[in-house]
Amino acid sequence: MDFFVLMLAIPLVSGALLTVVGERDWAPNLNIVASLGTFLAAVGLTGEIIANGPRFAFGEQFFIDSLNVFFVSLTAFVGLTTSIFSGPYMKNEREHGRLSVPRLRLYKGMYQLFMFTMLAALTTNNLGILWVAMEAATLTTVLLVSLYRTSASLEAAWKYFILCGVGIAQALFGTILLYFAAERVLGESGNALLWTHLIDVKGSLEPTIMALSFIFLLVGYGTKVGLAPLHNWLPDAHAEGPTPVSAVLSGLLLNVALYAILRCKVLADGALPNGYAGNLMIGFGLFTLLVAAFFLSRQKDVKRMFAYSSIEHMGLITFAFGMGGPIANFAGLLHMTMHSLTKSAIFFAVGHATQKTGTQLMEHIRGLIKINPLIGWGLMLGTLAILGMPPFGVFASEFMILTHAMKHFPWATPILLLALGVAFAAIFGKVQPMVFGETTAKRLPHAPAMTPVFLHLGIVLMLGLYIPPYLTRWFHEAARMLG
Amino acid sequence: MTSSIPLSAQLINLFAAVILLLGFAMLAQRRMLSLINLFALQGFCLFLATLVAAVTTGQVHLFYSAGLTLALKVLLLPWILHRLVRQLKVKREVEALINIPTTMLVGIVLVMVAFNVALPISELSHTITRGTLGIALAVVMLAFLMMITRQKAISQVVGFLSMENGLFLAATSATYGMPMVVELGIALDVLVGVIILGVFFFQIRDQFDSLDIRHMEKLKDN
Amino acid sequence: MISISGLLGQAFAILLALLLAPLLSGWVGQCRAWFQSRTAPPLLLPYFMLQKLFNKDVVLAHNASSLFRAAPFVIFGCMVLACAIVPTLSTDLPFAPAADALALVGVFGLARIFIALAGMDVGTAFGSLGGRREMLVGFLAEPALLMVFFTLAMIAQSTSLVTIVETLAYRELVIYPSLAFAGIAFTFVSLAENARVPVDNPATHLELTMIHEAMILEYSGRHLALIEWAASLKLYAYSCLGLALFFPWGIAPGDNFFALVAAIPLLMFKLAIGGFLLAGIETVNAKLRIFRAPEFLGTAFMLAVLGLLVRLLLEVRV
Amino acid sequence: MPGLLSLDLLISAACAWLAIGLAGLVAPGNTRFIARFLFPLGAVIGIAVGVVALASLGGEAQVAVLAIGLPDLPFHLRLDNLSAVFALLLGFVSAGISVYAAGYFRDGKGTAPGLLCIEYHVFLASMLMVVLADDAYAFMVAWECMALSSFFLVTTDHRHEEIRRAGFIYLLIAHIGAIAILLCFGVMTGGSGDYSFAAMRQQELAPFWTSAAFLLALAGFGAKAGLVPLHVWLPEAHPAAPSPVSAMMSGVMLKTAIYGLLRVSFDLLHSTIWWWGVVALAVGLLTAIFGVLYSTVQSDMKRLLAYSSIENIGLIAVAIGLTLIFHAYGMDALAALAMTAVLYHCLAHAGFKSLLFLCTGSVLHATHERSLGKLGGLIHPMPWVAWLALAGVIAGAGLPPLSGFVSEWLLLQGFLFSPGLPHPWLNMVVPVAAALVVLVAALAGFAMVKFYGIIFLGQMREPALKDAHDAGPWEKAGLVWLALITLFLGVMPSTVILRLDAATRQLLGAGLADTLNQQGWWMLAPISAERASYEPLIVLVTIAATLLLARWLVRSLFHGRVRRGSPWDCGYHFEGPRAQDTAEGFSQPIRRIFEPVFRMQRQFPAARDAQPVYNVKVEDHFWYWCYLPIARLANWISALIVTLQGGRIAVYLMYSFITLLLLLLVARP
């Protein structure tokens, strides 16, 4: 059977199934098995693409090349580890009485559907379907964010819904404009939203329309990425939702939104001269980075703080892609990978830490290393990794971004370094007392799942010291595709 | 110049103008039910505009679009909203952030901006209804303004839906519709979105005893 | 290369230093008494003192440590080395390359550290007070002394004492204004380093202002003898250093035996004059409060730096 | 090919250290296995590193490219003479510290011994990689690993708030420094995008950019080395860390920063501009004076040593400045003299400061007390530690015949040549700087006397000190090893400098070997014997001979009776230990004379207080002048920025709207 169809079908079917039977004892295992199946299918698909080159599916509606297969495998992998993590996490939540059985069902069902929407968004060739899938991803996660039904989580979900809904409406307007421009070249054949067709004619698209279109797309999908000042939903949603959801939001959804921008940027670059799109992204990236860095020092809630850290890294990645060129794109892709892996690992550790201490307020979390060294070290190493300390891979990508910026955009380097320095001081100053010191934590009814944390960190560590050649080739190819 | 424009285009332009007018009306309207009715009316004009475009060009999927608009924007969504308003007992909008005359002035400025932005594009368009793109953008912006100024969750949602109307207008009138699969997807998303919102309203009212979004300002950093 | 005569001359210089040093202290004491219209103690009093102290029992405090017992010997060793380095009679000193002017300061510093530590060892109030003040004087005096040496080293293009003396004594006579500054600074430093008025008073006990005496309060018997001997050796070394640097005439060049013989009375004559002047200075000055000492030494430092600048400004032709 | 062998051996040594560290994780709780087996094994490897580096001195540079690293930039490694000098330092000094640590980490308090083992050995391996790295990425990775592992070591006992704070400040400043270093590398690539050092050597930069690179390097490496005003982490982190770690950080890690500065200034950058030297000299002098003054007024023995490390780093920076000045004017023989002083002081300081820190470790173990005010008289229960510490103290005070004096002597000799500089201002100002160097050296003596006298001499200030015990055999072995290094460096300067010559020759094209070879091995005369000479062995032998002879004569001529009695104390009633100087009292003259330098809060007793309390707290001006304003500024900015997140959804929508409008109106192409 076709790997691609399997990869989309498994989460869709299991999502539907879990919505019905999600309260059973074996439901968490089904969740894991489904994620594993998705992951294996994604691996198979990756192998196929690497071996045979790009391919279509469902006519020309879906298209998989080395760029999006990279995102697909990353998404499927983090999806798998998150499902492993969420098993014990959700059990503990239920023991604490924060979640009822129907909610658990909702969680598992929506989780799989969310994976489906992301995978669909990543693999579609049709920019319209991309939009539909992005909107659907918002809808599924809104329910996940408000899972606890507390006033705070409702507020967060409401803001998430409205802001992202409005944002994504801008993206739709951008898509319409794009279609408008493409139609003039491609005619009304219905192919005018297919990326593979658009890429062939990108040079002849009308620049005025493309510029407007890209602005709308950037503002629209940028809201979803969390670019400042469109980011306001992000910390709320991350902090108030269940931790596995924070992990996938931060680790995956932001990537997918950025992926959407990247696809549009390739078209805009073809139509517009002088790196217009790139400059816009550089501007947004730097502003986001700087703003997020200064936000960090005022945080009290641990998940909120790491949400801002995600914004910061998204700014950095946007900046990298804005610079363009093979090296910066490579660095951007690498940084996306590292950020996804590291940030989800951090959220896993944070999730257990908050369960143990019963609070998300950092001033009340102390001495994690004492009550459970694995959680403590997981959080500590994850934080150091996300702050760009070698030998973790985040440093590798930051090094490449910085060096590239120094070469081509020297004026931006002080801003980058200032932001990174401020972020370091803010985050590390808060995490260190949480990990070290005397403890206030208690034992959990279910043993925490720390394997995903160290699995992620292990990969990040390995990639910091050694990037296997086939991965390099793959990244290079993907980076070349971005121009 | 004007005489050379065919009747169908004049009709579409007319409906587009009415949609814009309704956008202003919604901006000024405080009563919740009237707001929803205005929204339904706007959807109806959209339906008419799409229908005219469909008849003129003879494209089949525009007929589907028109049907979809009629079903969703004119009938289903207003009906759901009506039910919600009645069940949640939300009568009136509380005083807006900015008073209504000022809002209208800002709205007029926005319309000028939108026209200005859309002007270069309209000149490039070869469809008969190229002027509508500016109007569509203006409707989107007015809806945006409405979302900013309103204090009730429901009126924000109406604003959101009105924005979708603007987008639909752009899609159907200016470009003669997107590919069918996309339009279906969009419609599905809107529908699911409204249903989820409906569920949400009840949860919000249970939590906050009100649908006033001013209660939802707890999550902040300063 | 090292010659037999050189070695003999070196040994003789050391012996002479060991013998003459107490005499110099006695002479200064006698002059002081004259200045103060007192009956002078015998000139050989320091020798009697040493004899007496060596014969006495050592009374050690209960908690005196091994360092306390070792320190007098170390200090004595340092001072002997210092006397061996300073050209007193001849410039043919096999030991001279072992330490130049900078190292000489270091050797004095080593002795200072030991005496300060020994002062702190028993743990009395006076002992640590003395140690602290000694280090205070030390860190103020050393830079000034170094600057003096720098001035001279720049004149002679060398820090080797022998080379300096040879330059000043045997080459054509040039008037160096910088030397005047350096000389005054050196005098100031010598007074401070040898625990003389106006910085310290060697003749007092039971004063809260004492420095040197406070450190050695707990010493007795042969230990005290060695320390006293070392103190007079230090005075001798400084005096000879001053004479060698500023009045180098008469120091025998190389292994000229006759010049060496002639140098002895000349040295004694110069030392006598120097001792007399020292006593004079001590008499006309009052002991300074301890926190005036930094000002005093600061002046010395300023003078030394001025000397250096004068040297650089007026005397160096670039 | 035998040439490549020594680099390979060093790489293997780094791997072996890593392996030892990982072995510690196998049985993290087994103190016996880790302390008695792994740490001594690490020491053996340390000696091997030292020997290999020593053997490779003077040889051709060896390069290797590892398969790890970035895709376009694999790890380049290079062993040249400069690296070899610092690898030698690392190897020999770390051997002593590791042996000591084998006895020190016995009870495994706080962090588990296995974790300590891995942190410690990763620290060692990363320092070795720092000196071997030959491209910016490898260097940065090793550099930050070094910072990170040492951070974890510093926070070993993380239960205390102030230790965590110390660790935080340390890592923060290390990170800022690393950023500056990275920028410096970026500047040095000159836009070529090639980050290997080999490519940087090829770059011809404009003077502006070379100066920028130098200043960035000075700031970046200065942050690690502890140059003012980036020193604030140092007096916090050193006392917080376990003593072997303090020893390692102070003795070895600070030197890697010096290594980096030398590598950038003399190897990677081609031209030298004279004012760089002036900057380095000025910063160094400021650092040295600041460090030594603060070191004299400390009441915590490890803080005292930490400030003393700042002072020594300042002196090294002064020497670097002098080297730069000479080098800029093409006076390379003199530059070599000053460079020798730099390298020698690195070695000397590594030896004696590690020794002193380890001694404080033994004291800490024996008494559980770091505050000088509660120590005293420890020479009685701990004679070994006390006498070995004396060697460190003499070297630290810069006195003959031990190691510290040699480098100071060389430095002063260098200063003596500065009037020959062909620059109308420098040839006058620079010699005067020498006076300040001497002031620093003399004040260091003050600090050292305070350190030694208050810890080891006098009466015990607390009754519990009677139960103190001397160091164990492992600790003694480590201390003796370091004391021997100090002694060797002190008395055999010519031998050592002849080895160092290869490094100065590589960096400057000149060295001291030619002149030194003309004289005997015992004589140090860098220019000529007439010009200046120093024979520490003769000094030592003379003093020792006189001492022994005097003792023998006194013993044989006189009776030599000894009685014990209570102290005389000038006839006063002999008070208890409270009558001695406290740590604060001892430094009172310094505080008084240099009052403006300190930020002091004093509390005086009133005349009729029943329990008079005197309290003095000395703080760092720089903290209030530099750091707090920056922190406040950052705080203010972030307070401003968080208003973006005000909680109102209408406002959020407005941001989005305004952004869109702005882009539509302003940012159209």
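Letters A, B, C and D mark the chains in the order given here, with residues in each chain numbered from 1 onward.
FYI, a contact is a pair of C-beta atoms (placed from the backbone, for glycine too) under 8 Å apart; a residue touches a chain by one contact, two chains touch by 3 or more.
In this text, all values refer to a predicted model and were calculated from it rather than measured experimentally.
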{"item": "Shared interface partners, meaning chains that touch chain B and chain D", "value": "A"}
Pieces of the assembly after leaving out chain D, positions unchanged: A, B | C
{"item": "By count of C-beta pairs in contact, the leading pair of chains", "value": "C-D"}
{"item": "Centrality ranking, top chain (CA atoms only)", "value": "D"}
{"item": "Rounded Å distance, chain A centre to chain C centre (Cα mean)", "value": "78"}
{"item": "Mean-CA-position distance for chain C and chain B (Å)", "value": "101"}
{"item": "Inter-centroid spacing, chain B versus chain A (mean Cα positions, whole Å)", "value": "31"}
{"item": "Centre-of-Cα separation between chain D and chain A, whole angstrom", "value": "44"}
{"item": "Touching two or more other chains - residues of chain A", "value": "158-159, 162, 166, 208, 212, 235, 295, 298"}
{"item": "Where chain D touches two or more other chains at once, by residue number", "value": "639, 642, 644-645, 649, 653, 664"}
{"item": "Contacts with 2+ other chains: residues of chain C", "value": "none"}
{"item": "Arrangement of touching chains [line / ring / star / complete / other]", "value": "other"}
{"item": "Chain-chain contacts as defined at top", "value": "A-B, A-D, B-D, C-D"}
{"item": "Residues of chain D touching chain B in the complex", "value": "639, 642-650, 653-654, 657, 661, 664-665"}
{"item": "Of all residues in chain A, those that touch chain D in their complex", "value": "158-159, 162-163, 166-167, 170, 207-208, 211-212, 215-216, 218-219, 223, 228-230, 232-233, 235, 272-274, 276, 280, 291, 294-298, 327, 369, 384, 387, 389-391, 395-396, 399-400, 402-404, 406-407, 413, 417, 420-422, 424-425, 428-429, 432-433, 436-438, 464-467, 469, 472, 476"}
{"item": "Touch list for chain D against partner chain C, complex", "value": "376-377, 379-380, 383, 386-387, 390, 393-394, 397-400, 405, 409, 412-413, 415-416, 419, 422, 427-428, 431-432, 434-436, 438-439, 441-443, 445-446, 448-450, 452-454, 457-459, 523, 525, 529-535, 538-539, 542-547, 550-551, 554, 557-572, 574-575, 577, 579-581, 585-590, 592-593"}
{"item": "Touching residues (chain side chain B, partner chain D) in the complex", "value": "97, 113, 117, 141, 144-145, 147-151, 156, 213-214, 216-222"}
{"item": "Chain C residues touching chain D - in the complex, by the definition given at the top", "value": "54-55, 57-63, 65-67, 73-74, 76-78, 80-81, 84, 95, 97-100, 102-103, 105-107, 109-110, 112-113, 116-117, 120-129, 131-133, 135-136, 138-140, 142-143, 146-147, 150, 153-154, 157-160, 163, 205-206, 214, 217-218, 220-222, 226, 290-291, 294, 301, 304-305, 308-309, 312-313, 316, 318"}
